[in-house]
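Sharing a structure with you now.
Chains: A, B, C and D, in written order; residue numbering restarts at 1 for each.
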Amino acid sequence: MTVDTSFGSDNHAGIHPRILEAITEANSGPAIAYGADAHTAAAVAKFREHFGKNADVYFVFNGTGANIIALTTLARPFNAVICSEYAHINADECGAPENFCGCKLKTIHAPDGKITIDDISRQLQGRLDQHRVQPSVVSITQASELGTVYSAAEVREIAAFCHGHGLFLHMDGARICNAAASLGTGLGDVSSRLGVDILSFGGTKNGLLLGEAVVCFNPELSKNTIFIRKQAMQLASKMRFIAAQFTALLSDDLWLQNAAHANRMAQMLAEKIKSIPGLEIIQPVQSNAVFASLPRPAIDKLLKKYFFYIWDEEKNEVRWMTSFSTTEEEIDRFAAAIRESCK
Amino acid sequence: MTVDTSFGSDNHAGIHPRILEAITEANSGPAIAYGADAHTAAAVAKFREHFGKNADVYFVFNGTGANIIALTTLARPFNAVICSEYAHINADECGAPENFCGCKLKTIHAPDGKITIDDISRQLQGRLDQHRVQPSVVSITQASELGTVYSAAEVREIAAFCHGHGLFLHMDGARICNAAASLGTGLGDVSSRLGVDILSFGGTKNGLLLGEAVVCFNPELSKNTIFIRKQAMQLASKMRFIAAQFTALLSDDLWLQNAAHANRMAQMLAEKIKSIPGLEIIQPVQSNAVFASLPRPAIDKLLKKYFFYIWDEEKNEVRWMTSFSTTEEEIDRFAAAIRESCK
Amino acid sequence: MTVDTSFGSDNHAGIHPRILEAITEANSGPAIAYGADAHTAAAVAKFREHFGKNADVYFVFNGTGANIIALTTLARPFNAVICSEYAHINADECGAPENFCGCKLKTIHAPDGKITIDDISRQLQGRLDQHRVQPSVVSITQASELGTVYSAAEVREIAAFCHGHGLFLHMDGARICNAAASLGTGLGDVSSRLGVDILSFGGTKNGLLLGEAVVCFNPELSKNTIFIRKQAMQLASKMRFIAAQFTALLSDDLWLQNAAHANRMAQMLAEKIKSIPGLEIIQPVQSNAVFASLPRPAIDKLLKKYFFYIWDEEKNEVRWMTSFSTTEEEIDRFAAAIRESCK
Amino acid sequence: MTVDTSFGSDNHAGIHPRILEAITEANSGPAIAYGADAHTAAAVAKFREHFGKNADVYFVFNGTGANIIALTTLARPFNAVICSEYAHINADECGAPENFCGCKLKTIHAPDGKITIDDISRQLQGRLDQHRVQPSVVSITQASELGTVYSAAEVREIAAFCHGHGLFLHMDGARICNAAASLGTGLGDVSSRLGVDILSFGGTKNGLLLGEAVVCFNPELSKNTIFIRKQAMQLASKMRFIAAQFTALLSDDLWLQNAAHANRMAQMLAEKIKSIPGLEIIQPVQSNAVFASLPRPAIDKLLKKYFFYIWDEEKNEVRWMTSFSTTEEEIDRFAAAIRESCK
């Protein structure tokens, strides 16, 4: 299926030109495989600029790989991971956490995609009971799967709660750049400096060909992560080509420009459609997603020309994602089409 | 560590220009993620040109992922996979088969990297014994990890034996292009048409940025492979960029040019050094590897200027790999350096 | 901790005298290990008397083992098992299904411990979506963890729904004897004859020293179960001593006497306490459990003399279990103590 | 199949009368399940008498369960376990270590069933190499699967080597009582006091109905073993009946009487047959096994009246096991039958 304009996902976008350029530049002469090359060293150094010098960085292929490696670093099979029911690890990874890490997910009903310390607290019953899995990790998604963003205070509070209760905090940062752009802060300000223990840093949705990184902020915790990555089938031989993309993304604020642009496009779309009768925006638009409900015939009409996902068939809820490559013209046209379809 | 010339591995090479061009061309406008795009459809069609219309194709990130997905398609945890002790799945994947597929590897001592039906036969004791793992798959590597190549007759014989004994045949084709180039036949002629059931098709070592494919020749067997791929963390969102590389590789004989060149470079190296006193070429040079033994001081001297791996420390055996990007000049200079080091 | 009278669980009871006698009788001379003995053959034959001649029987150590072997027989890691949130497999097995079978549990909020086809139906979204686990098994517990019992019609309806939707039906029958006694029918009448595909048959809670059985009603499905049992660490060497217990249990209606007695004790307890002010019986008493809510001080007073579990700390709900060895005198005394504590 | 006399395995024997008596005595009144009972506490205390007060004891059902729980306590999936190719964990557990623990076994060719520090040393190549599994445990079997016994000095040396190389030492003690009886020392003298870190203590083969124990000598290592046991499906509800058997076994030297008797029967058999022409005893008879080679027709003749296993079909090697219940008369008759068959 080919599409002219997609609001289906930020991973429907292509490669940002500066990222592709970085790949091309890295393609000169041979390089030692599996990460023992200068490009990888440079990319790791770049991560440490953003996240602090303790950042222990592992480049991987995709978000599922990053999440599973992060969780396996901090959980054994008899442990449990506490997360939102909407968490990508729970809803969209075909059981990879259960199968690879071996552990159970304890899920929280989180209507806005964000979990609270009260939610977490309720999942802690049964600790030390040999019949029950033992929670060791809390996983939050920033920005969340519903487009919402945890405030710095919220993350700090969750981290403190976790550390006070013998739990680690994992952040699924598939869209961490969008979250940081939304909050107007740096990347470390939304993660390492708030007490996050391990981060899945997302590149693919923000302009990379492909590439994610597991970033652990306490190297003592990640001393086996290098083996976990290999066993998780996530070790790239020509790693320089993943690394070089990250160096470009993390240089000259490209991460921010891309994410801020995507966020702005979502804001623009929301602004343009919020007053359409029959349409309701059902989540705060804090990153690059607009969740809306509208009449089913309107949805069907739109789907003839635009690609996007129905989020909840029963409630006629849809998800519209924007990306670094979404243009104002596309938003204009799409907003008009939505308005037209709702008539 | 940076290197000017590497004989360490064919994955030390970069991206072939036509592959990079294909990526660049695929980078126009949005595309549906996860394989529902035109580039992926085109690449699948291209595979079917080579392997027949039944070929069921799954693009993945790396060779470990391809192997594990192929094995998990054909083995459950109580099964065993029979392979050479040198098999990449046994020696170089940090236990991924055991952990993800859950099954045991039953390994065969194979001094030249190739296994025989007698070897396999001896691993079949204990079938139906509830205390023993039950072999379900034989895995052969073509070209082998020792640079040798199974003849068509050898593969056909192994396939027939497997099918006569309730076993499936997997081919780890990380270097299948080198094998086909060596045998002077097409890709299907060394795999699907000989009775191989499932193939890990290697792209990365033959000029791709990254990308491998699981190709199953009996779609009935692979009806769950789509879920196994996702659970194995090997589903790319921007799949068009893997697919487009394969379309380029499999068009206009690029796969063959690259592989044949690499093979020729290995032949050339072997020719130039075989008469050096104190040096012995210890495996037939049938693909793009030269295995040799030479005095330890000579090895140490060479390692100061060239990157390669010592294969067996005790026996002073080394492995020299060539790639699509190795030049005749590099071979000349390296052969001279070897000769010099052995003086 | 020692207890005089326990309402904590039916597994607090000891061994029924006729079971112990059967063990003693089986202890004469040597016997081939791992099930190739006459006692095992006799026990299998006895199961077939109850469940039909197709019953494929695997003796195991405990209920967790039986459940996991049953599920692994019918689910691969990318599959999901649909069950009640209270299901023993979900709540009380320390993540064994996720770790051993590899699959995810999709849980249903079931206030009375029983799930319906509407519940199941809602868990089937996302079939064929490669990002989602694929349900292959529905697991129901009979009698349920809340002491309720599915009617024959309910099980038949669930089985028909499952088979119409490509799902298998597993019954966790840790207390199947109590359910059959409650319904006044035979063991096959509550399982094999209603469309159940595979059953965990419980012996331990109904008078055995230890012993459960996986019973599959379609031998085609269980052709690998013998290997799964061994790999699941559930193969007993001196199997005759498990088998002999089952032969005794399934002979001369011992299974029924034990279960009916336990059920009657629960009924008797409920009768005696139902009118106590401040106490509420919160689940229908259909097997050998009484779930009640009563004031916290009353609970605390009782716990000084009797062992039982608080089911829900927040709601002051308790669970009282009876067994084959509970006596009317114990019920009398306990009922009086409850009444006293509620004053 | 029924047998009058079996030399097939020590687990063909029944229950020792004093063990059965202990079960019967434990069957009085209710007891808290899952190990929180007085019988379990008493059995743990008894283990500590033998193994020292730090012994952390977990009762389980069978030897496979004990081994897998011990290994999972000390190895993560990216680790490897070094053992003899004949090790029960490698040869007879249907891949349970690979599937449950997730790790690879690195096996050693050990013609007499015993491994040496040279053997172990050769398995340590590739440490810190991310492509290779990382050995964390060495597992030795005492007495070995070939009936041989490690001397105290040998175990001490292996333990010291392990601890000097960042490895733990596991002892599969399915027949530890036979080993201790053979060496004329106590149980701790062959394990805890020699540097063994974790022990699978075997009861079933030495007179129990069923029951094994995982005994860890450093409680810091086993702090998660309670959860691993449950997740490994090895937690007995009516644990008192396993515990009571162990208390009996470890009291009044019953363990020693049983094991010494079995050993003596094997010695007696070996003495009586060693001079038979055409028969060769092929392993030192140090515990309760006699390994012999004899002409195939003689083997076939014997198999008509006696049950035992052919160990190596190609070499006409057989294994004859004795047990606590083997009688001198049985040995006399069997030795005569062997002599007759070899004529």
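Everything that follows uses one rule, which is that contacts are C-beta pairs under 8 Å (C-beta built on N, C-alpha and C of every residue); 3 or more make two chains touch, one makes a residue touch a chain.
The shown structure was predicted, so the numbers you read here are calculated from the model rather than taken from an experiment.
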(request) Sharing over half of the contact pairs with B-D by residue number is what counts; pick that pair out of A-C, A-D or A-B. (result) A-C
(request) Could you tell me which chain lies farthest from chain C when each chain's centre is the average position of its Cα atoms? (result) B
(request) List the centre-to-centre spacing of chain B and chain C in whole Å, with centres computed as mean CA coordinates. (result) 50
(message) Roughly how far is chain C from chain D, centre to centre by C-alpha average, rounded to an integer in Å?
(response) 33
(request) Determine the centre-to-centre distance between chain A and chain C, using the mean Cα coordinates as centres, and give it in whole Å. (result) 42
(request) Among the residues of chain A, pick out those that touch two or more other chains and give their numbers. (result) 77-78, 93-95, 99, 102, 130-131, 133, 227, 230-231, 235
(request) Provide the residue numbers of chain D that touch chain C in the complex, in ascending order. (result) 1-6, 8-9, 11-15, 20, 23-24, 26-33, 36-38, 61-65, 68, 93-96, 99-100, 204-205, 209-210, 227, 230-238, 241, 307, 325
(request) Please give the residue numbers of chain B that touch chain C in the complex, ascending. (result) 34, 76-78, 102, 130-131, 133-134, 224, 226-231, 235
(request) Show which residues of chain A lie in contact with chain C when the two form their complex. (result) 77-78, 80, 91-95, 98-99, 102-105, 130-133
